[in-house]
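Just below sit the structures, each encoded as structure tokens.
Both complexes shown next keep chain A, but they swap its partner, so chain B is in the first and chain C is in the second.
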Partner chain A sequence: MNYQWLTLWGYIPEFIKASWLTLQVTGLAFALAVVLGLLAALASLSPLAVLRFIARGYVEIIRNTPVLLQIFIVFFSLPSAGISLDAYWAGVIALGLNVGAYLSEVFRAGMQSVPRGQLEAAAILGLEPAQIFVEVVLPQAARAVYPAIVNYLIQLLLGTSLLSAIALPELTGTATVINSRTLLYIQTFTVTLVAYLVLSNALSWLAGQLGARVFHPPLIVRAPRRLGGLRLHRANRA
Partner chain B sequence: MQFTQRGAQAALMFALAALLAITGCTKVSTPVAGAAAAAPSTLQAVLQRGTLRVGDCLTFAPFGFYDKNGQPDGYDVDLAKELAKEMGVKLEVVNTTSANRIPNLQTSKVDVVFCNFTRNLERAKVIDFTTPYVVASEALLVKKSSGIKSVKDMSNRTIATVKGSTNGDEVRALNMAVKIQEYDSSQAAILAVKQGQADAMIEDNNFLAYQATLDPELTVTDESLVPLEYNAFGVKAGDPAWLNYLNLFLFNVNASKLNAQLYKKWFGVDPRYPLNPQF
Partner chain C sequence: MSIDLLRTSLSILLQGLVATLLLSVAAIVGGTLIGLLAAVLRSFGPWGSAHVAKLYTELFRGTPVLITLMFIYFGVSYFGYAIDVFAAGAIGLSVYQGAYIAEVFRSGIESVPRGQWEVSQILGLTKAQTFTFVVLPQTGKIVLPPLVGQYLSLIKDTSIVSMIGMSELMHGGQAIVDRIGKPVEIYGLVALIYFAVCFPLSQWVRHHDRRRLT
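After this line comes the complex of A and B, so read on.
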């Protein structure tokens, strides 16, 4: 290739480091989001009005405000309240809180999709409420919402680019810095675009493998390979 | 399903092909190509259009900011108004960030960028610079309570800079054990210092002195971290007619002392360092 692409070759270690940071933040934020989402979904289905109110408030506040503002509040405003988080943890918490609110609605829908008759049957068979939830509701709900959850995972991966605004050197932020050092805009953004494509497709593929192994019968979230080569299927397109 | 998959693959191939085509084009049209000289000058384009589009950093008070009525104002904006007045055209101020100054010029979204633009040879490979209009050095903005007196107190602390400015590289060149945070705007970097997310911010001393007057908690270290920077306007490469025009404009505002008056109006003091060449 020409010298411009060769110049960028020297920055590949930085791109790899940034990709790894992007993956870390995505993973941690997603773990937090799943936990928060489950708790909020359970709370919103709880017989206790106060729990329903808290869950509702959480979901409505998060879903009706911009995620960039939420990131700024966690990073720039919480220090005034004595909570000082560095960009890494502020990013994990802000994105985890955000995606958790969306996931809670998905989880709630999944739980409600289990027919009431099954719950009544399970109760008549003498199962405890906790048993009913773990053995009857959860497996079916998880299967129903799995593709949607994977979709949120990919969105979260792409959403980490917003953390460049709080100076976290993730993929997009690093690309901007390399841009200003090399002034090779097209080349830098092309490499960044390819890096995101590799990361998101790798995550989708892993999620597909996991779905095929964990669920019985296997949950096939991707179309079978027909032509070989690159596949761009979103995980939720069954 | 099969059809969708083929469609997606075709789309991907098309996208990659388009990308290669774009990169291919840029190679041909690099500014060094002599063909650029045949293109009409920005000077003619501005006069014909009747509007001068100036890229100003409007998160960089007092160089550029939005006033209470949402109108662009500041030192750079005043100079832009003067330039538009001299040319007899209307002024359109385009808000620009440090990082997108050069792309804005290369894609002709603006005719000229002011923005306290630091000249260096790396940038001069892709754009052209006028003669300088303001001189600066770099210093640190810190909280008074931090006790930081100079950059020597910064080891193992965090320093905030702005993406696309020269400051990040200057900090790296100091070869000190400091952590660097690169924000999108100067305002975000200042906020990081105020909120304790960073211990100091490195920036142009003119800019920082003004910011420190706005917040009694903040102060600027009395040092000159880099050789003096003679900051200029940036224009798209390969347009000598436009560059000459702007250089003459700068010569005139410097010779008439209008530039020094505007500096005093916005920074409250006479320019700390003299322009070179002098007028």
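After this line comes the complex of A and C, so read on.
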């Protein structure tokens, strides 16, 4: 058993390289998703019916089909339309499109969470529509949606595992290659599992730190509350 | 695409759809039971079990479902047993989605005001009675829309089971494309079928889910 784990030790550099690729794809796809999400959210709130229709269509199509299928369509079907992408960019675009649709819903809810009265007050105070958006709506909306956005970032990170289906050597793809070379299923997948856990927890920790520093007052992501037994007990004793 | 080709493809895809739906139902039942158990253990369980339940949800919410599926499918064979790919898929999806469903149930349980627990205790109800007769009925209403939303993502996740070789809808589409090409038409058809299944559910969730930011 020890000998088998040692075999895997030699593959650590490959796991690290694969983790870096996973992070790259996650970062690029997330940037694309934020841009698409903002555009779609603005379009869905626009007075033009055409824009609203396009935004709604985009969101519904993406949300009601599996992400794996979307990856396949971008990678295998787009070449028929004359657009050939390698696995890396196909992955970035497919995942960006996917998460963008979910983010647009979040952004829209965030923008709508700012009370209308504030917009009217800002308009009466003489602010331009652009100023109102940047200085009144955005800071409040950003704060409201931040935890949900971080959630989708983590989902995106985990979603990159599906890119192994189009032979991108990210973490899962690398794991399956190492797996077929060594046949050490349990060991290989354990290392991969730990790598994902480290990456996802590191990302959400970083996001938490960022949230506590960027927002005023600091945004503390709610710590899990204990319920039932313990609390009730304490309340009774008091 | 000729009519004959379309008819053959459709019959293959519809067979795949049946497998997808069977797998979804199996995983929905399994995931709901596991999720409810984990949520109850985490909120009311004795000391150790609450930590185990927390570890469970944290573990699966931080790793991809594909790894869970591969772990189960290949891991079992590593120990010298054979596992049916449907069983591996159903178990993997149940265990994975159970972690998310547990969080849905937990937020439902937490949304019942604590005062009600205190009142019930004063009225002489035991903890189990309070949970069954006071908390659970109220939780049901709050929890149903996000729960259906989770089922929706479970149904879409069944496509990932094609990657360990189960022949369901996604796999059917791949098989046809491998044979005859035409990726635009075939994957478009597959997308249409998934859409037809998911759209009514997602509209229901959109209509009933009053939480705004999730």
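Brief remarks on what is shown
Keep this in mind: the second predicted complex is superposed on the first by the 220 of 238 C-alpha atoms of A that agree within 3 Å, B and C clash if a C-alpha of one lies under 4 Å from a C-alpha of the other, contacts with A are read in each partner's own complex, and residues count from 1 in each chain.
Criterion: a contact is a pair of C-beta atoms (placed from the backbone, for glycine too) under 8 Å apart; a residue touches a chain by one contact, two chains touch by 3 or more.
Keep in mind that this is a model prediction, so the values were computed, not measured.
Touch criterion met: A:I73 reaches chain C, while chain B stays clear of it.
In the superposed model, A:S180 lies in contact with chain B only, and not with chain C. Contacts of A:T192 after superposition on the shared chain: chain C is touched, whereas chain B is not.
Shared-chain residue A:I16: touches no atom of chain B or chain C. In the superposition on chain A, contact of A:L125 is made with neither chain B nor chain C. Residue contacts after overlaying the shared chain place A:S164 against chain B and chain C alike.
The partner of chain A that touches more of its residues, comparing chain B with chain C, is C. Judged by the touch definition given at the top, the superposed model places A:A87 against chain B, while chain C stays out of reach.
When the shared chain is aligned, no partner comes close enough to touch A:L6: not chain B, not chain C.
Shared-chain residue A:V35: touches no atom of chain B or chain C.
When the two complexes are laid over each other on chain A, chain A has residues 76-77, 79-80, 164-165, 176, 179, 185-186, 226-227, 229, 231-232 in contact with both chain B and chain C. Residues 43-44, 50, 54, 59, 61-67, 70-71, 74-75, 77-78, 109-110, 114, 117-118, 121, 127, 156-160, 162-163, 170, 173-174, 177, 183-184, 187-188, 190-191, 194-195, 198-199, 202, 212-214 of chain C touch chain A in their complex. Here chain A touches chain B in the complex through residues 2, 4, 75-77, 79-80, 84, 86-87, 164-167, 169, 173, 176-177, 179-181, 183, 185-187, 190, 223, 226-227, 229-233, 237, going by the rule given at the top. The residues of chain B lying in touch with chain A in their complex are 1-2, 4-6, 8-9, 11-12, 19, 22-23, 26-27, 98-99, 102-103, 106, 122-123, 125-126, 160, 163-165, 168-169, 181-184, 188, 191-192, 195-197. By the touch rule above, chain A contacts chain C in their complex via residues 60-61, 63-69, 72-73, 76-77, 79-81, 106, 109-110, 112-113, 144-145, 147-148, 151, 154, 158-159, 161-162, 164-165, 172, 175-176, 179, 185-186, 189, 192-193, 196-197, 200-201, 224-229, 231-232, 235-236.
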